[in-house]
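By written order: A, B, C, D, E, F, G and H. Residues from 1 in each chain.
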Amino acid sequence: MKQVFGKTNVLSANPTHYCPGCDHGVVHRLIAESLEELEVADRSIGVAPVGCSVFAYDYFNIDFNQAAHGRAPAVATGIKRTRPDSIVFTYQGDGDLAAIGTAEIIHAANRGENITVVFINNGIYGMTGGQMAPTTLVGMKTQTSPYGRDAATMGSPIRVSEIIATLESPAYVTRVTVNNIANQIKTKKAIKNAFTLQKEKKGFSFVEIVCICPTNWGKKPTDAHKWLTENMLPVFPLGTFKDIHGIEKA
Amino acid sequence: MSKWVINESLCKGCGICIERCPMKILAFAEHLTPKGVHPSSMTDESKCTSCAICAKSCPDVAIQIYKEEK
Amino acid sequence: MAKVLMKGNEALGEAAILAGCRYYFGYPITPQSELPAYLAKRLPQVDGVFVQAESEVSAINMVYGAASAGARVMTSSSSPGISLKQEGISYIAGAELPCLIVNVMRGGPGLGNINPSQSDYWQATRGGGHGDYRTLVMAPNSVQEMADFTLAAFEYADRFRNPVLMLSDGVLGQMMEPVVMPAPKDYDMDSKKWSLGYTGKDKTARNLCTSIFMGQEELEEHNWSLYQKYQVITDFFKANKDLAVEEYLCDDAEVVLVGYGIISRILKTVVEKCRKRGIKAGLVRPKVLWPFPSDVFAKLADKASKFLVVEMSYGQMVEDVKLAVEGKKPVYFFGRTGGAVPSDFEILNEVDKIVRPD
Amino acid sequence: MSSTVERIILAGFGGQGILFLGKVIAETGMNSDKHVSWIPSYGPEMRGGTANCSVIISEHEIASPMVTVPDVVIAMNTPSVSKFNQKIKAGGMLMYNSSLIERQEFRDDIRLVEIPANEIAEELGDQKVASLVMAGAYIKFSKLITLDDILKTLPLMLKGKKQEMLDLNIVALKKGYDYVEEKKYMFGRYVHSVFKGI
Amino acid sequence: MAKVLMKGNEALGEAAILAGCRYYFGYPITPQSELPAYLAKRLPQVDGVFVQAESEVSAINMVYGAASAGARVMTSSSSPGISLKQEGISYIAGAELPCLIVNVMRGGPGLGNINPSQSDYWQATRGGGHGDYRTLVMAPNSVQEMADFTLAAFEYADRFRNPVLMLSDGVLGQMMEPVVMPAPKDYDMDSKKWSLGYTGKDKTARNLCTSIFMGQEELEEHNWSLYQKYQVITDFFKANKDLAVEEYLCDDAEVVLVGYGIISRILKTVVEKCRKRGIKAGLVRPKVLWPFPSDVFAKLADKASKFLVVEMSYGQMVEDVKLAVEGKKPVYFFGRTGGAVPSDFEILNEVDKIVRPD
Amino acid sequence: MKQVFGKTNVLSANPTHYCPGCDHGVVHRLIAESLEELEVADRSIGVAPVGCSVFAYDYFNIDFNQAAHGRAPAVATGIKRTRPDSIVFTYQGDGDLAAIGTAEIIHAANRGENITVVFINNGIYGMTGGQMAPTTLVGMKTQTSPYGRDAATMGSPIRVSEIIATLESPAYVTRVTVNNIANQIKTKKAIKNAFTLQKEKKGFSFVEIVCICPTNWGKKPTDAHKWLTENMLPVFPLGTFKDIHGIEKA
Amino acid sequence: MSSTVERIILAGFGGQGILFLGKVIAETGMNSDKHVSWIPSYGPEMRGGTANCSVIISEHEIASPMVTVPDVVIAMNTPSVSKFNQKIKAGGMLMYNSSLIERQEFRDDIRLVEIPANEIAEELGDQKVASLVMAGAYIKFSKLITLDDILKTLPLMLKGKKQEMLDLNIVALKKGYDYVEEKKYMFGRYVHSVFKGI
Amino acid sequence: MSKWVINESLCKGCGICIERCPMKILAFAEHLTPKGVHPSSMTDESKCTSCAICAKSCPDVAIQIYKEEK
């Protein structure tokens, strides 16, 4: 018998602390596999955020830095400038990246730091128990929008990929999801594209992944994926917003 | 050796693999793991195509898939 | 090397380069802007990296990243900008990363003004950030020391794996004095085996940089090991008193003047004038503010009869002096704020009041 | 002026080259193996407003580099006189740019030296060298640095600048130096009465 | 009113509403998240405003804005978030604006953990921000006090035009106890004539809110007036000792235990156990941490023979006790960190060591 | 004789501290005139930034708040939520708004705060003596880009109006300049539009004004306006990026 | 248990209703004019991991609300036993959910009470009320609150919930209460030997 | 009364009004103000159209414009 699927060694053996069905686990695997396939794992440095993935460093067998809430792109800048031959990526949630870390992500992107940002957009603050994120859908009830997000006073979901794409420097900006296997394959491709560009020192790459948070959405994982498809994707359309080196066509 | 191998200690019983298996041959086991979870289990391995959709769907990389070598 | 007439801010910048520092991340603010301007010019000449961050918050986190990757790295700012860095400083201390943080103090609170000040002493020595941590705090008093202390700061930072804070002020940053640049140091990033991206051949396990210790026992153990380290640092400076403190005419002093930074220069003049008037004055000038050279004061408290602490604030370091003196002798205070650098005359006046209280 | 230390405050409009003037004096002092320090005013008042700096030249190590009671004030404009006049040490000196500062009731316990710096500079074709004129005049009084010293230092400070530029600066310096010589009547410890009498 | 079993975080939220506070700006962080969650529900019911800011930095600046416009306003966070607010707090203090800032302390430095802690004492009492300023710091020790102190805090803030910091911790925020809600207060925004947008008929000149004082004299004058105000606050609490401090069995105490917040509750148990064992123990519990009730300690130092300070840190408040005791009597310290709340047994053990040092 | 031009009373009599020729003065006047014409001056509250306009409060006869560097939009949020009937505006430079204050401006805009933001884009940090701003042109030499801004390591000029326009909430986003009288008239119109919308509680308005900094550009004021026209405007194209209520057509 | 204060630690999996169970006991205490306190464990271990809370009911004011040495531990799963078993006061009580916890070598200086809470709950058709079963069992031993007290409090806490829900909770409570009665042989100060003997 | 009135204490001598006047009738004055500035000055008021372009161009609102009433 030949193994057709097993765990990559870039993932550690530690069981994750994520809730049952949480997409974080899948995305971790796709990153790990990409680093392995590109043969860069031994010189990769991850930057974990504050958020559910704060312990990401426990799940990857690579060097890791645990950054302050929202500051991963600044931390990654410091690391990459110091170790330009490393493959440096941040892994950030929507509270981390789109709220407190707004300035850091925009300016790292604008400087064209040669890093990769994996952005987990699950429309909620998972770690802290379900508060409203900048990407929370209008009408959605959360701990801090108990009557539903009101666009008039709390604003509408922020589309970060679209914002990043207005900047000149970023090389690759794309939005994907892992709501089914077909999309998971595309996500893997996107992550690999991003790391390939970095390996080739071609600049800043940004992969937004629309994800579920079954726990704080109050849904079973399988229902959550359905809900994501029906409600999140219309607001966060999948697609590539910038690809200055045409890597998707290559 | 099985085509479908699960590490039950990793399974959190999320049910995604069960829903996504195209052959519909996975189901929650009767028993509980020490974590208090009914893990995913194989009901009819003969039907398994080793497509690995279940394994790739698993957020906890709990499943390994093997295929008969030709 | 020849003497050069240089601004304190620039001397510090040049010294950082001599110390092997090749990474600077910062954000403009008066009165320290000559420092980034200087390094923006110089660093590219030595294959270094100068990044103007989008904010002080970002800058300190870039430092966190670079330090974790093994860099000799620094940032600088002035009071309000240093306040913004507090979370980051706490992280750096928590993750035990070496780096240099320069505060060219100005008047506060709030926007205040850009005049020289010493009102960030507490913030620097007590940790303006959250949690049980300490930064090693140095206080130069001349342009020469702005340079010399910088080399020492990087050494201490690496030796103790701890952030070092250089507490300067508007006068020291802006003034020019002749300075002889210290000899350059070699620095090899891969001397830090623990650094992320470490490329030494002996790399075995993966490296990790974090300040999270989720379990109670874990964090307590970490806090305890930090605490122990702070004791080691304290002991180091106790054993190397000359590095930590300057004493001037203290042996027979009845009144001991105490001040750091630019104030200590003025106090020296005051001491001389006092002596001319027959007042036995002495001076203690802490060069290192944390760990505070308490034992020097404790010892003096048995001899001298009075202490006068002078600061450009309404009294911060004076608490450390009081803690050290333990009520054995009276500790007086004189302070000016808003950018007023107290003159030797004013201080002399205070000394008079203390010495001849009638 | 004492022969071991000279404490100077230089003040004027932002664009009058005050800080540079101070640097020239300090740098000259350093090159003549004196201890020196230079402290600028800094901040928003520099823009449009006034600039000033404090310079000390000393035979001995400089304890406090702050100048609260200057031996000499070099004032390039009227606000500078009002700001620093009262601070000058009794017996000290106020050297002022009479092109922009009107004669007035100064103190009677200081030496006054009147230099029409802008006019002299204008004669040389460039208002900008007015500060060098003042430097030249100052040298005349200094016990610690000489015209020769400053002539050695200036080229070092203007390295990279055009030769004409350097020449012009040197001429200005000398003009200032010589002006003091010519106007001998300006000396005297208490010249206040002299003014009144004129 | 009837007793309700409530979490400390929620009791504080309800009390804020009763105090007339209608404006909350904050950012989620454990272990204080119940407070914003509670107010997100309640404020709209009373025509109040709840805004989840994009960060702690933004939140404190929203508070700055709202307070300048006359609002009774608050924010809350936990340690790392409070570090981020330091610049803003310094501005608020500098501009003399009233507001309430809640810190539900957790373990640090850095990300640390979310367990209860008291390691932000220095940050709170010395000003983690830049410049000579003070925040009034209150330390409740029960859910009832989380409510009662909140009402007082808003009163103090307005009275002294000064930010008030409520220094709580994970246990106090998370625990439930029965609480009787205090009576509501009326609040009229236009009671603040100085507020921006003031709509009272007697408005004459325009109103200004600033912390910039560009001239040296200006800023020194401002610093001096702040300093004077801090004296007034200090005197107020000296004159109203009961508001500032709780003394328990101190009259004949040989050993005085000192602790604030949740620790003080444990110390009370320890005192009782000590008394049962024949050890004359007493307790001093500061309810207000700044201004620190130094005179109480100074007085006790003449009677009691020993002090034992207990904190969930490696020793911060102990410095204030030492400053107050002035070396007259030994001041011992016992601390746990990482989230460990020291047990009565451990502390008893420490008391034993001190009382019977053999 | 009839006065055809005089100083509005909404401006104070204080001479400004701005450098000769600086555009700040003109923009101040346009704001003051707009407030006067809309009859809202007595209930207007300005928020001054940290930057050359830090003393703006000295030049307007209205209530003012002096905010921390970059935080004016947060401060304005606090004020406006407290005093919803006031007319609240921030006045911010490009260092203030586009660097340190990136998160604050984006999120205030996204919440649709009913405030007006006047954004002075002069491509430099004026107040602190000429450091690089996020809007500094590529190649431009500044204190902190002494060899010229290098797009590869320092990024390219950020176009804030374009970013703000990607958000759903903002009602009005426009870029104007005061490089000549014709454009000054358009700028006045834009500012008035913005305040009109606010008066009508129609949401967030954003007026970016491309300005000169003769001092730190090292140019005479008149040359600076020429330089702006030739170099800044191609990078920062004038125009209206969002106008959801169609006020420009009204 | 003392008749003036009861210090309880309740522990189990995140989803087992531990915190609610603690609240029911505390709220009942409060409604019966006792002093009470309730402190939860909080934080990430709650997700997936274990949850616990400390409750004190007392006749007197509660000085320290922290429970380091509990009189009673109510353990709903195995990890809870290992975590808290050693902390129980000598002579105290370990009440455990025997549906999920195997009999083992417990301590011999505490009282042991074995309640098959999940099985009883399952009989009632809803695993979720297992915690109420434990509450009922606990009441049996309490010197400070009674079944009556809790029956008065529960409806207040479930206000707004469906009547069936309330009924079910009450039944579970009573089942737990009665179970203790039936299994009289479980009492005794040192039941360790009893187990061994079985 | 003049059509063109300048408050010299406000003028910073930036020269913008001079450049923008369509009639080219403004010029720097010979004299210096106390601030050390050569202020803008009117060379030929008869040509002035009271268009106010100069005044509106002035960042320091130093100029006031009057028009003959008809």
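Just so we're on the same page, a contact is a pair of C-beta atoms (placed from the backbone, for glycine too) under 8 Å apart; a residue touches a chain by one contact, two chains touch by 3 or more.
Quick caveat: nothing in here was measured; it's all calculated off a predicted structure.
Asks: When every step has to jump to a touching chain, what is the lowest number of steps that links chain A to chain E?
Replies: The fewest steps needed to get from chain A to chain E is 1.
Asks: Using the contact definition given at the top, which chains are in touch with both chain B and chain F?
Replies: Both chain B and chain F are touched by A, going by the contact rule given at the top.
Asks: Comparing centres built from CA atoms, which chain ends up most distant from chain F?
Replies: Between chain F and the rest, the longest centre separation is with G.
Asks: If you tally the C-beta contacts for E-F and for C-F, which one comes out higher?
Replies: When the contacts at E-F and C-F are counted, E-F has more.
Asks: Give, as an integer number of Å, the spacing between the C-alpha centres of chain D and chain A.
Replies: 64
Asks: In angstrom, rounded to a whole number, how far apart do the mean CA points of chain C and chain E lie?
Replies: 29
Asks: So what's the Cα centroid distance for chain B and chain E, whole Å?
Replies: Once rounded, the distance between the two centres reads 54 Å.
Asks: For chain H, what residues touch not just one other chain but two or more?
Replies: Residues 12.
Asks: Where in chain C do residues touch two or more other chains at once?
Replies: Those would be 30, 51, 54-55, 57, 80, 87, 91, 95, 110-111, 113, 115, 210-212, 214.
Asks: Which positions in chain G are in touch with at least two other chains?
Replies: Each of 43-44, 48 in chain G touches at least two other chains.
Asks: Taking the complex as given, what residues does chain F use to touch chain A?
Replies: The contact residues of chain F facing chain A are 99-103, 106-107, 110-112, 134, 151-156, 158-159, 162-163, 166-169.
Asks: Sort out for me which residues of chain F touch chain E in the complex.
Replies: Answer in residue numbers: 43, 45, 47-48, 54-55, 57, 61-68, 71, 74-83, 85-86, 103-104, 106-107, 111.
Asks: Which of the residues in chain E end up touching chain C in this complex?
Replies: Contacts found on chain E: 57, 79-80, 82-84, 86-87, 90-95, 105, 107-115, 117, 119-120, 122-123, 126-133, 210-224, 226-227, 313-314, 316, 319, 322-323, 325-328, 336-340.
Asks: Sort out for me which residues of chain A touch chain B in the complex.
Replies: 1-7, 11, 15-16, 18-26, 29, 180-181, 184, 214, 220-222, 225
Asks: Going by the contact rule set out above, which residues of chain D touch chain C in the complex?
Replies: For chain D paired with chain C, touching residues are 23, 26-27, 30, 35-40, 42-44, 62-66, 68-69.
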